[in-house]
Structure formats: structure tokens, C-alpha cells
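We just call them A, B and C in the order they show up, numbering each chain from 1.
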Amino acid sequence: MIARVPLAISLAVFVALAALPWLAGDYWTGQFTRSLLYGLLALSLALVWGRGGMLCLGQGMFFGTGGYVMALLTMGKLGPGLADAWLALIVAAASAAALAAIVGVFVFWGASISGPYFAIVTLAIAVVLEQSIRSNYGLGGDNGLVGVPPLPLGTSAFDATPPYLLVLVVVAAAYFTLDATLSRRIGLVLDALRVNPNRLAYLGYSLFAWRVATFAAGGALAGLAGALFVAVDGFASPTLIGFGLSAEALIWVALGGRTVLMAALLGALAVRHGEALLAAWLGDWWLLALGSVFVLVAVAAPAGLLAAPLLWLGARVRR
Amino acid sequence: MAATLLDAVSAVLVLVLVALGLAVVFGMMRVINMAHGELVMSGAFTVVWLQGWHVPFWGCVIAAAVVVGFFGWMIEWVLVRHTRDRPLDTILATWGLSLVLKQAIVLLFGPGSHSVPLPLDAMVGLGALNYPAYRLVVMAIAAVVIAGTYLFLRCTNRGLATRAVMARPATAELLGFNTDRTYSATFAAGAALAGLAGALVAPLVSVDPQMGLGYLVPAFLAILVGGAGALGGVLAGGSAVGASTSLLGALWSPVTVQIVVFGLAVVVIRLRPQGLMRE
Amino acid sequence: MTAPALELVDITAGYGGGVVLNGLNLTLAAGSVTALLGRNGAGKTTLCRICAGLLSPTRGTVRISGTALNDRASHTFARHGVGLVPQGREVFGRLSVEENLRLGAIGKNMTADLVAAYRWFPSLEVLRNRAAGSLSGGEQQMLAIARTLMGAPRLLVLDEPSEGLAPVVTRVLAARLREIAAEAGLTVLLVEQDLELIQALASTCCFLADGGIAETVPVASIGMDFDLVRRHLAL
């Protein structure tokens, strides 16, 4: 079983994040709201790829689906009666989960498409989805949907703190739920699903059901992240759904550590804010550097860069 | 009508040429090279770059194959070799490499698109039809290269050795074959084919840093549709994907066509996981 | 005095954590034909893999004709004259018989002398355009041996060549191998369970047990000595 970051450390991380608005001011609070949502996307990919062993090159499609559904609903494009933001969040996450389930059923049914084939098929689907959204004028084409209303938190739209805290609570809830779930039998089953699926099948588990369920759960998390992101950002753009964001999510998770949830989450935060800090003096070289580090990690440190330190720290804390 | 058909043949040949390098690497080494599209792009940019130095076009084409082939040799040596028993990490590493190559090109040439002048301006009369000579030349070269690759693998000692290494690497080692060297040669050859394809299409398309993905996905779908491993599969898959894209393009918008073709390809892969050309 | 064709000195080897061979020593004089016996799982195939460089020992030295080749790739062993016919034959099933034979020579940058191969194994000539995968077990075994011989090895290692063959076929194989070994002056290491084949070919017989060579006896003596065989081979 994969080692787990102890509760004390994850709690410390979230408490530190909760203090952020009082330490860092509105600008950074707004930035961290977004990167926390990217972190949630990273968590979904860590679940699907790191634990479930399904390398999805198009995880962005669920983020984007959640985002577009949220935008359509809250902007009242599907009828004013459906414009309630909280309902929309749920519907958005459910739609992304449904898309994931459909893709999953299609891909994993019967002689399942697995490994590298799965990666390519998910990439193809993401590319097609991005293309179709870009060419769909009902969805705003290349410009996307502008003017998504902010979350109705009853506070000033210019105060970045309430949405930040809401997002933090959602991400923390998702994290602790996932962490607790994966430390039980389900986690063991997923490890078997990744490492030795045939043996799992011998034991009478349905690989199909487990794969589809895991993929759909990942889709739901990504969809929720995308829906919140669109509400925070105020618009839904086709970049949320396609190749670019999917590639970025892959980088966060790979650099952080694909099998350790906290490492994936922190990977997203670190890369996003590393970019904000370093892009100033690295300029365009930043992406080159990031890509090169990513390649190096894939070749020489597949466990990621943050997983080992986190687990080491965890072992110290436990003692 | 005849022009549409010729366009379809041209689309098929170019797609098969692009997919060929990918198929050689995938079929022989079971390695998925996600940077293949960027190798095609590198070939095209080699032409852009050398044309700036007034190198004649056909010199640029040869140089592109050589330069990108050398790239491939290095990629195998630095990345692929070390992830051979971790196929998903090979995907990841080459995928990362594709981002690096893209960004390197942005830094060197800027994010915008470039155009390469047609080396042959003439139209060729084919009965009632006038067709651009350069397209015909590209089709001919593609056909020759595809046939040459096939003949190389079928009829030469080195091709036989390559097939043996592909089938049973350990046994091939027992017989004295240096499998590591075969792998790097294979990867370099696959890259050189990508570079060649990129150079040849450069005058026909807009050359920009983002062009790689547009080649990678159809090429992969072609291979998966046709069936990996056998060269016949690349031909079949390339024909299916290339011809349907080109023919449907006469009826619908490019995006619709892409959605339909990708969708169909995914369905075919789903229904025949071994590909159309399963032995 | 020429160097021994094969010297294994203090070899320790295994898979993962498990040790299969432990401090094994074995020397084969050039031109000798030696049989190796041992029960299933004793490590015979492991020893063959070490002789051919498919597996690196964790300790000890492998010398081929006097040259130490530890940790070198398997093709280097082949270039130094080792030819292993692996257990399970491992012919290239999709390639034709003739292509399989040619590979044996191409691997060593030699020109393929198919005439010699067909002289040794006439039945292969009839089959030469068939896919190797469609041959019978015995035919595949002949092919595997012929393919290795195409590379003109000096040390021929045969891992259970009689496995799965009819006794008649084994006898033909024995006769063939004896001719070839004599004609080419080969050193042969024959891993076998079939006593008849051993008696037809080998002069010395080594028993592999507990990770080392437990006993070495002249082949002539094992025919009578059932106790010896039972001690090393019975369950």
C-alpha cells in the first residue's frame, strides 16, 4: 500500500492556506483561489492516473465541461429557473462525471482499451471537444462565455476572501474525503487495479466497474473544480477544456508526485506560483525550463519531487 | 471530381508519410513517441531556417531529415532508453519533450507562423485538370519513401535484423545483434522520416510552433485504426483517416470533419482493438 | 595449451533477492563435450543464461576462451564465440525458416552458408519458405540449433534440446550433433534430462545441485550407477 501523508501535515497545510487572506492581500488571495482549483484538478488526475493507473491525457475536458455547464446555467442560458449557483455547481460536477462515465464505459467495455491506447484516445477526445467548442457560436466560439455571475456569497464582488475560503473548504473537503477513502480497502483495490489488474480480476472484482467508477469520480472532481473556476474567473474559455490545460495538469501531478494526493495538490500550487514568480525573470524561458524538468522527472524520478520529502516529513511527525 | 480524388490521394500519402516514422518506432520498439508531431514541426522549421540562408529547397529537405534524425538519435539515447520498461513514463517524457521543442521553437522563431515559398510554381495538365506540380512531386516522394521503407524491412539484411530484434530482442542478442544500437537506429530513422515529412509539407501549410499536434493525433489514429506493427496497417489506417478527412472536407467544415473522423476512428479502435489489418 | 572454452569461477547468481547459483565453479576444456544434469529448478537454465551473457552474476567471473566478459551485453558473448540454443527454442515464428537461418549468420556479420545448414539438417531445406512458427517442435529445435551453428560458435550451449521431442527424433538429433561437433571442433555444454542423448554425445557429466556442481563423473560410469542418478535427480 502506498504511504500516506499523515493527517497532521495535511491539516497544517490547509490551516496555513486558511491564514493566507490575512497575510497576503487581495491580489494573492485571488491568485490562490484559482490555483487551489487547479490543485483540485490535480487531485482528480492523481486519483485517475496516480492511483487508478489510467494515464488520461485529456483530464482538462472534465474541468472544461464543468466550467461550461456552470456558465450556461448561471448565465440563465438554459432557462432562468435553473440559474441557481449552488444547484449549478452540482449539475456541473454531475455532467462532468457523466461525460467521464460515458467515455469510461466506451473505452473500458469488453476488451478494454488500456495503457498507451487509453492515453491516445483520451487525447483525441480532448482535442475534438476543444475544436467543437471553439467552432460553436452558441458557446461563444474562441471567445468563450463572458459574464458568468460570481458566487452569491452575499459579500462585495471585489472582496477576494469569501470565495477563497469557500474554495479552500471545498478543496479541503475533497482532499480529506479522498484521502480517507483511499486509505481503506478501496485504496488497496485501486493499487491492485494499477499494478496487477489480472490478479484483481481473478479475485472476482470487475475491472470494468472499478475503472469506470474511478474515472467518473475523477471527472466529478475535475468538473467541480472547473465550475468553481468559471464562477471565480467570470468567464468560460475553450482553453479550459482542451490540450493545454490537460498538459499542465499532467505536469503538476508528475512533478509533485502522482501517487501521493498532497504532493499532487502542492505540485499544482508550486508550479502555478513558481510560474508567477519565475516568469518575471525567466520570461519565455520559464516554459522551456518547466518542460525540461518535467522530462527529467519522468525519466529519472517518476515518483515526483514532493512525494518523498512529504513522506519523510510524515514519518518524522508520526514518531 | 478528379481534383477531389487527387487531393484525397495526396492527403493519404502525406498522412502515411507522417505516420510511417511513428509506426516504425511504435511497431518496432513499442514506444509511443508523443513528440513525433514536434519532430515534423522541427523538420518544417529547419526548412524555414535554412531558407533564410538561401539554401536551395531540396537541400533544406535533405538537411531536415538529417538534422531531425540526429535529434531522434539523441532522444533515444537520453530519454527513451531509460524508460524502456515503463511505457507510460515514455509517453510522459516524450510528451514533455514535445512541450520543450515547441517552446524552443517559439524562442528561436517567435510564436507566429511562417510560410515557405513553393519550390515549384508550375501547374501540370492532367487531361482536363490542372494540378499543382509540387503536390504531385510530394506525392511521388511520399510513395517512394513508403515503398522504400517497406522494401528495406523486407529485402535487406538490416531490415531482417530489425524485424528480428522487434520480435525477440533477447534471442536476437544471443545471435550477436546489438539491440541497443538497433533501437537507436530505429528511433533515428523514425525521426528522420518525421523531419522529411515536415520539410515536404512546409510549402503547403502555415509553419508555426503549434502545428505538431495536428499531425500527431491523426497519425496515431491512423496507426491504431490500421493496426500497429505491420506496415500494411499504416497504409490501411492512413488511407482510411486521410481519405475520409479529405473527401468529407469537400462537404463539411474542417472542424465537423475532424470531429466525425476522430469519432469514427475511436469507434473503429474500440471495435477492432487489433486494428483493421490484424493478421 | 589453449585456454579453456569456458571458465566459471565462483559464480553467484539469482533473480531479485533469491540466490540460484552459489559459488559455482565449472571449466570446459576446448573441444570437450560435457553434459549438465540437475533436477527441475536446480538452475541449469540460469547457468546457460550466464554463459551467454543474458544474466550477469552477482559475484564471480565468466571467462570465454580466456577473456573475462562479466557484465557485457549478450551480443558480446556471441561475438566471442558463444552460441546458446535456448530452452523453448525461441525461433522467430513470423519469419521463414531461411530467414531464421540467415539471422544466425547476419548477427555476426558473416555471410550465410545455407548449404552447410541444409547438409546438416536436410529436413529444413524442404521447409525453407515456411514460417518458422508453423513447424513442429522437433523441426523448430533443428532450426534453432542450425540457426546458432550458422554463426560458427566455438562454444555451443544447448539447453534441453530433447525437451518435447519423440525418442526417434532425439536419436537423429544426437547423431547429427555428434557429427557437427566433431567436424567443427566445437566445445559443447549439453543441458539434458535424456540419458540416451547424453550417452550418445558427452564424455563427462556434471551434476548441478544446491547452487553448485555437486559431482563430475565420466559418462560411461552413469549407465550402471542408478544410485548416482537417483541421488541427484530423483525428487
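We take it that contacts are C-beta pairs under 8 Å (C-beta built on N, C-alpha and C of every residue); 3 or more make two chains touch, one makes a residue touch a chain.
These figures come from a predicted structure and were not determined experimentally.
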From subunit B, the most remote chain by mean C-alpha position: C
Innermost chain, taking as reference the mean of every protein Cα atom displayed: B
Subunit B and subunit C, separation of their C-alpha mean positions in angstrom: 43
Interchain centroid distance [CA atoms averaged], subunit A/subunit B, Å: 33
For subunit A paired with subunit C, centre-to-centre distance based on mean C-alpha positions, whole Å: 56
Residues of subunit B whose C-beta touches two or more other chains: none
Subunit A-touching residues of subunit B, taken from the complex the two chains share: 32, 78-79, 82-83, 86-89, 91-93, 95-97, 99-100, 103-104, 106-107, 213, 217, 220-221, 224, 253, 255-256, 258-259, 262-263, 265-266, 269-270, 273
Complex contact set, residues of subunit C against subunit B: 52-54, 73-75, 78-79, 83-84, 86, 90, 92-95, 99, 102-104, 106-109, 147-148, 151
Residues of subunit A that touch subunit B when the two form their complex: 55, 57, 106-107, 109, 111, 113, 115-117, 119-121, 123-125, 127-128, 131-132, 134-135, 243, 247, 250-251, 254, 284-285, 287-288, 290-292, 294-295, 298-300, 302
Subunit C partner contacts - residues on subunit B that touch it in the complex: 157, 160-161, 163-164, 167-168, 170-180
